[in-house]
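Notes for the one structure printed next.
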């Protein structure tokens, strides 16, 4: 079973020098997580070593409940790996199950917003919050769902530079205003969405997705959560050019 | 069964004049919600009329699932009313159930943070985001759990003015920085919590509660969610003076 | 005669632990202020002990001038207590008298703005500046003048969530913009007020009240000024429900 | 007697084109103020025409009270002109008298801060708030009191670029933080002043001056108050080079 | 010769719907630029159609000066294409030549900063400014120079999440502070660089590169400059995995 | 030949006390620059001593190239002095030459913007960035080119308070928005300029000048660059009053 561990050697990954302050000593029993099982399914090579370090917190993985064991297995089958955010929550089954239930309902259940549109909101919100984990993981999702590698970059860098439908632009404007200054959101903002052909239920869904990523961006930033390296190379070729 | 409806007459509640623009006509089938059942349990009088208007969105209440019907009943027994946020989510049972599961785990499950401390984080985050719903509902919770009506005001107005333990202050500083500029949260911030006697698990819990209210603040602001009026008068007398 | 003193024991009022750093020693002549005289007039009990600590500065109270002695006496008669801000200024009679003269002119003299509207501006400005003293003291004034305990909370939490007349909303928008980014206030902002039926004299009064609380918010924050505890419980019951 | 009037021709003073929108018609009784009396005392020529337009508000000047008439006369004798801010307040004697009393106490009464230091705080605060009136009028005061025309520019442009004593720097840092984010001012900030040799009374005075200019900056911005043109040329030569 | 043109059909590239307002008619003489010459050298296919639309401004390309013609030819040889920023400046030879001279000196001339470090500064600054053009073009440069596709993403998303040497971190902190609030940069900031082993000349170079991208970010944003599509796919595979 | 040096005695120029921390020792070879040659041409006296200290960085002046020697000579003839920014860049001829080429093209070459308008943009941008060097040097340029000493102050203090043509106001609004939040600049902003009679080439020029000062403001702030003292007294008398 996966165990989120924390190999402090990661700290020097991109640097020439050691960190300025020695990290406080901890018990030596941590080993790098056996990420091997996921690796074979990842096109392009083994999971990188630092996929075994998921957060800056030392939290013992709990035994997976049967439902979560099945869910992790399904991730491995469909994605080739278990997203690190799930491993990060796996120290406590009720927390993991609540997160998975809310995530799957928001991002996958029927909605007036397409799955791509929900991922676009996720990335535009995460860009405002400069959340490394969510930008990497959901940027890849935008590239995959759209078949357009440029669209993923636009959402991550500045959604205002993208050429979008009026409805999509209104969605993202609402989601980002709600992220930046929620206290300023008023009836006029909702009316703007309604004029762009959003139903009241669509407004709820935009708010709920934007709200959810305002939560996960903060959990990820607070814990220095690291995305699986495999995301970086995913869907970098336009769908039209893939063979 | 309660049905969240939207009585546009609310718009003139605190005003002398009519709203500037007429609201667009909608189907006439809306009725004011029969809030009578809650009323008797509320000390001081019937639930105010505008407790029947919960959000600015028109969403039909769905039939409550058995689990949620039982949960609403439990709210009525213990609180004397069903918090409006639950009614707002009640247009869709999977959403309501996911929300309730996550909320109860975060705020009520065992944790290194007391229930009061979790509510203090909720209010300090909501104060940064100037979220009317959450300030009213969770401000009341701080007053009740602490028996100190002044502490609730301090959390809602400026937590920096409160006299807190060093550990509580560190928690709130972390939660509010995570709210205001999550991209700036780094190892030094986590170390500050560890030095204030927070375990890594406590850090997760602080982040998770702060993250959760960053979500709900935005859902509430996006939908103009209204708190039950009964909160306003709750626990305004110091516990030491209550007979 | 009251003497503003500074009982450092206040520091531990809401905390479990002692402050991190010992406060530097000071001369021992400070005594807790004899707040007894106010107490009887306060409904609900004696003035709390920490009403005797008014600011974080050690300033010796000066003898009250005859005019100020009469004014303090009038406060006790009408309010049941002397507002702490007056005691804070009482180390210097010219400063106290100038403050009282300006305050009374602005908040009580004839104006196109009602007294309630002036208090609403005071609270909305203080909310932007997150000033604990002014939110507590003037939040109570809004509750009392309006007979509406909810309106006080709305002004303190987020005035944009309140249902107001167009004129009142325009006043508060102007006052808060003037608070947040005074350099952006221009003719278009004044025209918006004029269109909402404000005269040029009303514009002056809105600006003067907003400006005044931008001053007092800062004096209060700079000195950690503490409001009288009695404010917290005032006017928490709707006027319509009072017997 | 001076009468603050409002000559709309000012609007085109620095422009080639007429304003975009015609200004609404008003009663024809406005006359340009007879600024002649001040003129002779102004070195370098007559008061510029637009000194007769003081604010964007139409407020009838009230008859000066005897005290205020004497004060205006004293201004003319000592300065050669009446500062426009006084004329702006002159529509109402109680307001003018309260303003003058507070201003004179703060800026001229005995204090641990020199008059120059109080003016430096005034300008640094006004620079943060980008208040044209106060930067012009008090920038001139810094140049005059210091005999150093460069110091005035430094305060108006970026006080951080000035070479100051540690105590002066601490004063301005406190005053500007109090201006920018008063909710963040805490005991540590006061301690920093105490370590820079400020007494508690000095802290009050710094706060009171900073607070006062946070008020007047806003009244000036709200009313588009215009400084007397004579300020611009004052004290532009270093004191050491004057003959 | 290349001519920067502006094919308005781009506007619908990522959208389902037409833009809300029709664009004003313009002279019909624009032709799509003959991008064919670059195309063969681009791995993975012809230059995308929208590489022919470079900015939102209609500026006629000027004849290339001999020096610039040679420089463009060199770009085609070495990169396989002419970066769009050069085409954007090509309406005026003195502007193009000044830009090229400054750019090449800053990014390629000898310096205590490696070329990679200068590109890292470029991307971190562009991330603060959310500049789509510079993030795409210089993000690719970071990936290529480092052989590390993840490092490019980290710089574009949140440099604080990267594991860097203390010196590199100090460089980026200085560059981003200088970008966000240049008025706050003082001797203490320079001392921090010196302590991280930066010479005074290094400080100049950090400031000059950060300054330059603060310029180009704004020219790109002001003109809606579009990066060559070929950048998106460049160097997405770690150098260690390339055959 | 001028040599930018760094006389640390400057540090006490405006202060009573010595700097808090001793500056680290450096090699003793620095001499004060022989500023005498410029001095005679400066009306009002010799160049002040602290014109010899130009930045906080120790960079050895390089021998001037023939082109730059001629350019410096031309500055002395026409201005009476060499602007300090040029001396600051003179440690490296390619950097100096690239800076001079770009500066002269932007500010002096033919354009739809007058030289005064370009200087107004320079000062409004520098005011947003609170750049002491650029405000002093280009504020003087606005005064000289306009013959209006007040206009220079308005640009430096708050351009919104100036009475400008609609076209000039649109230019400055665009330049300052591009400075403050370049990521928000979109087609609607360009359309606003076009409606105010700006051609697409004018838009480029506004963006290029605004961009350039966003660069130089940061180089100046990063290095604590000091303007020549002679600027302060220049053009303080209205052109109409000069004999």
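Think of it as A, B, C, D, E and F in the order they're written, each chain with its own count starting at 1.
The rule we apply is simple: a residue touches a chain if its C-beta (ideal position, glycine included) is under 8 Å from a C-beta of that chain, and two chains touch if they have at least 3 such contacts.
None of these values were measured; they are calculated from a predicted model.
Engineer: Enumerate, in label order, the chains that touch subunit A and subunit F alike.
Structural biologist: C, E
Engineer: Measuring between mean CA coordinates, which chain is farthest from subunit C?
Structural biologist: In terms of C-alpha centroids, the chain at the greatest distance from subunit C is E.
Engineer: Quick check for the class: compute each chain's Cα centroid; which one is farthest from the centroid of subunit F?
Structural biologist: B
Engineer: Give, as an integer number of Å, the spacing between the C-alpha centres of subunit F and subunit E.
Structural biologist: 26
Engineer: For subunit E, which residues are shared contacts with two or more other chains?
Structural biologist: Only 130-131, 158, 183, 186, 224 qualify.
Engineer: What are all the chain pairs that meet the touch criterion?
Structural biologist: Listed in label order, the chain pairs in contact are A-B, A-C, A-E, A-F, B-C, B-D, B-E, C-D, C-F, D-E, D-F, E-F.
Engineer: Subunit A touches which residues of subunit E in the complex?
Structural biologist: Per the stated touch rule, the residues are 10-17, 19-20, 44-45, 127, 130-132, 135-136, 148-151, 153-154, 156-158, 161-168, 224, 229, 232-233, 236-237, 241.
Engineer: Would you tell me which residues of subunit D are touching subunit C in their complex?
Structural biologist: My answer: residues 56-59, 91, 94-95, 97-99, 101-102, 105, 109, 129-131, 174, 178-179, 182-183, 185-187, 190, 200-201, 203-204, 206-208, 210-212, 214-219, 221-224.
Engineer: Within their complex, state which residues of subunit E touch subunit D.
Structural biologist: Residue positions touching the partner: 183-184, 186.
Engineer: Would you pull the subunit D residues touching subunit E in the complex into a rising list?
Structural biologist: Residue positions touching the partner: 158, 160.
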